[in-house]
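Order of writing sets the chain letters: A, B, C and D. Residues in each chain are counted from 1.
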Amino acid sequence: MIIQLENNIKTTDLERLRNSLDAVQYQCTEVNTQFQKYIIGVGKKEFDIRAIGTLPGIQDIHRVSDAYKLVSKKWRVDDSIVDLGNDVKIGTNHFQIMAGPCSIESEAQIESTLAHLLENNIKIMRGGVYKPRSSPYSFRGLGQEGLVLWAKKAKEVGIKIITEVMMTDQIDAMLPYVDIFQVGARNSQNFNLLDALGKVDKPVMLKRGISGTINELLQAAEYIFSNGNEKIMLCERGIRSYETAYRNTLDINAIPILKEKSHLPVIVDPSHGIGLRKHVTSVAMAGVIAGADAVIMEVHSNPAKAFSDGQQTLDYSESKRAFKGLIDCYQLRERL
Amino acid sequence: MIIQLENNIKTTDLERLRNSLDAVQYQCTEVNTQFQKYIIGVGKKEFDIRAIGTLPGIQDIHRVSDAYKLVSKKWRVDDSIVDLGNDVKIGTNHFQIMAGPCSIESEAQIESTLAHLLENNIKIMRGGVYKPRSSPYSFRGLGQEGLVLWAKKAKEVGIKIITEVMMTDQIDAMLPYVDIFQVGARNSQNFNLLDALGKVDKPVMLKRGISGTINELLQAAEYIFSNGNEKIMLCERGIRSYETAYRNTLDINAIPILKEKSHLPVIVDPSHGIGLRKHVTSVAMAGVIAGADAVIMEVHSNPAKAFSDGQQTLDYSESKRAFKGLIDCYQLRERL
Amino acid sequence: MIIQLENNIKTTDLERLRNSLDAVQYQCTEVNTQFQKYIIGVGKKEFDIRAIGTLPGIQDIHRVSDAYKLVSKKWRVDDSIVDLGNDVKIGTNHFQIMAGPCSIESEAQIESTLAHLLENNIKIMRGGVYKPRSSPYSFRGLGQEGLVLWAKKAKEVGIKIITEVMMTDQIDAMLPYVDIFQVGARNSQNFNLLDALGKVDKPVMLKRGISGTINELLQAAEYIFSNGNEKIMLCERGIRSYETAYRNTLDINAIPILKEKSHLPVIVDPSHGIGLRKHVTSVAMAGVIAGADAVIMEVHSNPAKAFSDGQQTLDYSESKRAFKGLIDCYQLRERL
Amino acid sequence: MIIQLENNIKTTDLERLRNSLDAVQYQCTEVNTQFQKYIIGVGKKEFDIRAIGTLPGIQDIHRVSDAYKLVSKKWRVDDSIVDLGNDVKIGTNHFQIMAGPCSIESEAQIESTLAHLLENNIKIMRGGVYKPRSSPYSFRGLGQEGLVLWAKKAKEVGIKIITEVMMTDQIDAMLPYVDIFQVGARNSQNFNLLDALGKVDKPVMLKRGISGTINELLQAAEYIFSNGNEKIMLCERGIRSYETAYRNTLDINAIPILKEKSHLPVIVDPSHGIGLRKHVTSVAMAGVIAGADAVIMEVHSNPAKAFSDGQQTLDYSESKRAFKGLIDCYQLRERL
């Protein structure tokens, strides 16, 4: 049960509400986001919610039977739009492409990528400065220093940036520089990291776990929302299956289902979703037709020389064609 | 190694070829399809194929390193088109929709469906007369009698039909009535059935196994081709995964990969691929954008009353919109 | 609902029973096995079964809520034992080992294997004469001729044989020679084959599908039983997963669960279950400790030279040690 | 390549070694554990390692082709034993059982569990004080306070404790109290946590990821070892599959394979591995027969009233029988 409170609810009214819920053995969690106050009540007893709905300071009240509550579309039927400022928005009717290298490598690489994005009217650049790597002996990214340089360059040309955060200790230093925090597939159930990202006022793009269920993804998003941050986006990036002809199995089904179940924007990552350069564009377009609000994809001036795995990375001429195809697909979907 | 023979190759020349291959310890399989003669040579030794290529009666010779040979795009770079007659073709640049009920139920249902397809300019009707059912106590379809009735009605209005064959003993009786034999997911490695379907001159649509790999699907198609039937289509219908939010995981990646690896037409089945009526159209369109040459989907005048599971079945007004969206997607893909 | 009938129930009494079930809209299936007569009633209405239970000719009546009925332990609480004759039995308290090559290759190989089994007091020999192969160009076994030779040799020394049947057309010819028909993983939902095997009086060992669920395996067994053959054994042979460090994922959990849900004997196939020769014995013993009533494993005098894949095949000295370990595990389990 | 150094290697000799490796373009990582110094060299060039092997200060040198190095059995052929003190050791020939509740709940529960373990001669108690929970609204454990209380009680009776650590910030506070840090399945690729646990001198039990591969598990262990901590144990706890008849698919195959590939102790968790109370003992025994060096299982005085999910938890009389069976299986395995 979600109880939306007036932001200026009186302490005594809040107390009365809590008492009413205690009386029916509901466990209460108070949620204060950058936008609003809520009480989440979890309990089993059936009772007449109208008795509560008429208390002062209460805006609205909704029963939500899902395991996740605040991220469910059952109470918020209008889709949420994540606003990055400067008129860059992501969500229903606000389509975006995020493109860039797997890893941030150098000043020259940053400049080259930004120029490519500007030329193609792309508003958001992706790139890794902290890289999760299977082996401890692999390159783990340029870290905070790379981020500061990148953020400066991107800001100069008005491009937003998204990058992965891997641990709570990195959040404070990264906060002034990133426009979107990315939570990677391996951290999709790192609940302490989710808690911490719920406490900042900055958009978070949450990737589905390597074998995460749709329910787990939504419950992970609930961690962020219930800690106070409503600016969340969900990312389908392929799941692990038995098939070895490609890297991951892009779960195209997840896209319309996430859009049905949640009010949050849904993003498709075709680069990891198939992992084969020559087919990235096909499945990216499929993701858009199926309902994705944004695409995040890997682009590099020379994929074969990329620091991290370039197997799934488009070069500039391939990505130029891809961007056009994605926009066409989005426009077709909007017309249908 | 595939050796394309002149159809009028002399017996002595064929003998000489076999001897040359024996000499390098290649195991030979002679393949005679409705279109051409081939020798498939399987062996390990490296040798100069030009020595064979210049023998009389030999048209061309190709090395194919894949486990499958005749269905590979490595030797036949022009995509195969399956021609059903009356200008109904399936394959690259020849897009089709196949629609109809899970099970054929009655004369009235057949007539209603045909009228719906005609109205929407759909050329192929799907329907089951032999139904594979998990439980022995479930309805298993109207059988041959239903097929004969259906085929007559469909022929009258110029619509082609596709239906599942479950055992070799059914082939002879079904042959005069069906336009396309369907091999279901549970029979995708029923090698005797595949052998038998390779011996008739009728198109076959082969579904990927419930957890079949892309390689297994292509090797299953190789069974049909190597027995003499080149008219084969491959169907992606979703794979089994751990996710329970839907019925199967439509493997969107498989579509561009099958088109890359094989010259055979590729068909997407969104009804089984997601199994949720409200999302069938979204993933069907995604399949088309990703490269499918045809869509096969379930349509019923009243899905809730369908004999077999109607959970994934569109009604007439939903399917009307879906057909339009699919055509739009196909046209967009052709333009890109 | 399972209604056990007296074998000599009068036609009129049977008619009366059917009418009673019709009256509550229950669909009836009459099952006549080599042992008994049953009526399976499937319907939704709740009614007092005592009204039926007291009709003449009725032995007992059981509600079974599972999707499968006759193979469920809910009505037959005493485990079924499959009796192969000559005091060779399989099931609870009757442990057996089945061993032999992947493929029957030659008279010498048959004789060598039989001698090895005799020496180790193994009562059942496995071997393939019809081999399901992914590629149409691979060796498909010696066929009926090989079976006849093998059966003769085995009978001479009193060893039972189990071999795979791949299509209904093979059953009649094989029937006089085999002691147990094996249904392979790829045919585990070949419903016509299951129907046909239900019509013979010969034990059948049914393998779980490549990605078959436990429920599907039990429903497949129900096909055989409901067609009239109660002599069924279930075989866990590993499932397909994402892990590539071995061939299949032996589902050890399935063993106690199958023993809980069904009264049928459960057999473990460690050779396919892990597919790595050096670990076959470890997982075979694990299977026995977990409750398997028998083990089926591949043994060859020279695995490296086996016709079919010998990667998972033990040689004679390895298998000698394995047999001993399996018996020790069985004895320990019986004591616990 | 692993180069084992003399612990008292001179700085100049270390420098000379580094230069030799630089000369062949090998990237070097210096590893200093609680036991020894190593240099890990990663490079592609083939060169004669004897030139390096004879340098002063070098004890031994090994080529290891696996993606993981220090945890591989290719260089350390004698299995590692983790010594918890007071003669409690885990590893080959040192079998242990770890038992206790999912969550630490109260002083009374701690005392009751310790008494039960003492009575059955179990040396290690498991329990959660920080619980990873899918939903942010669920109980997350008693935290540090619970740990301190529990550790005190356990120490009084000479029982070791193992508990999950979820974030780097918890390590310092937990360090004086825990005997084994557990890394949970959801954190198996939380590389920062693994780095941090590599910097303490305390045993770590690392669980396989929810859909982790065997290779990923070993590479995760490599993170810990390469940061300086050799006291690592690997835990198989079931993987995610399509089967829904139980909670996870215990991967019995992983046990002998991990013992083959690594010198680290291997532990089986049957509670999560099947998730069904009535079958926990069967699969636990299977794990021991297959080669596990220890079993970790859930035990509670009243599973139905356990704070966290008690579906997979044995009560005291069930666990008493299980302990006995496990010891019997271990003894049988040792004899074989």
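Following the convention adopted for this analysis, a contact is a pair of C-beta atoms (placed from the backbone, for glycine too) under 8 Å apart; a residue touches a chain by one contact, two chains touch by 3 or more.
Just so it is clear, the model here is predicted, and its values are computed rather than measured.
Following the contact convention of this document, A, C is the list of chains adjacent to both subunit B and subunit D.
For the pairs A-C and C-D, the larger set of C-beta contacts lies at C-D. Centre-to-centre spacing of subunit B and subunit C amounts to 33 Å, using the average Cα coordinate of each chain.
Subunit A and subunit C, compared by their mean Cα positions, are separated by 49 Å. Put simply, the C-alpha centre of subunit C and that of subunit D have 39 angstrom between them. In subunit D, 211, 215, 240-242, 244 are the positions where the chain touches two or more neighbouring chains simultaneously. Only residues 211, 213-215, 239, 241-246, 249-257, 260, 273-274, 276, 278-279, 282-283, 285-287, 289-291, 321, 324-325, 328-329, 332, 335-336 of subunit B touch subunit A when the two sit together in their complex.
Touching subunit D in their complex are the following residues of subunit A: 27, 29, 40, 42, 67-69, 132-137, 166-169, 186-187, 189-193, 195, 209-211, 215-216, 219, 222-223, 226-227, 240. Every residue of subunit C that touches subunit A in the complex is listed here, in rising order: 211, 240-242, 244.
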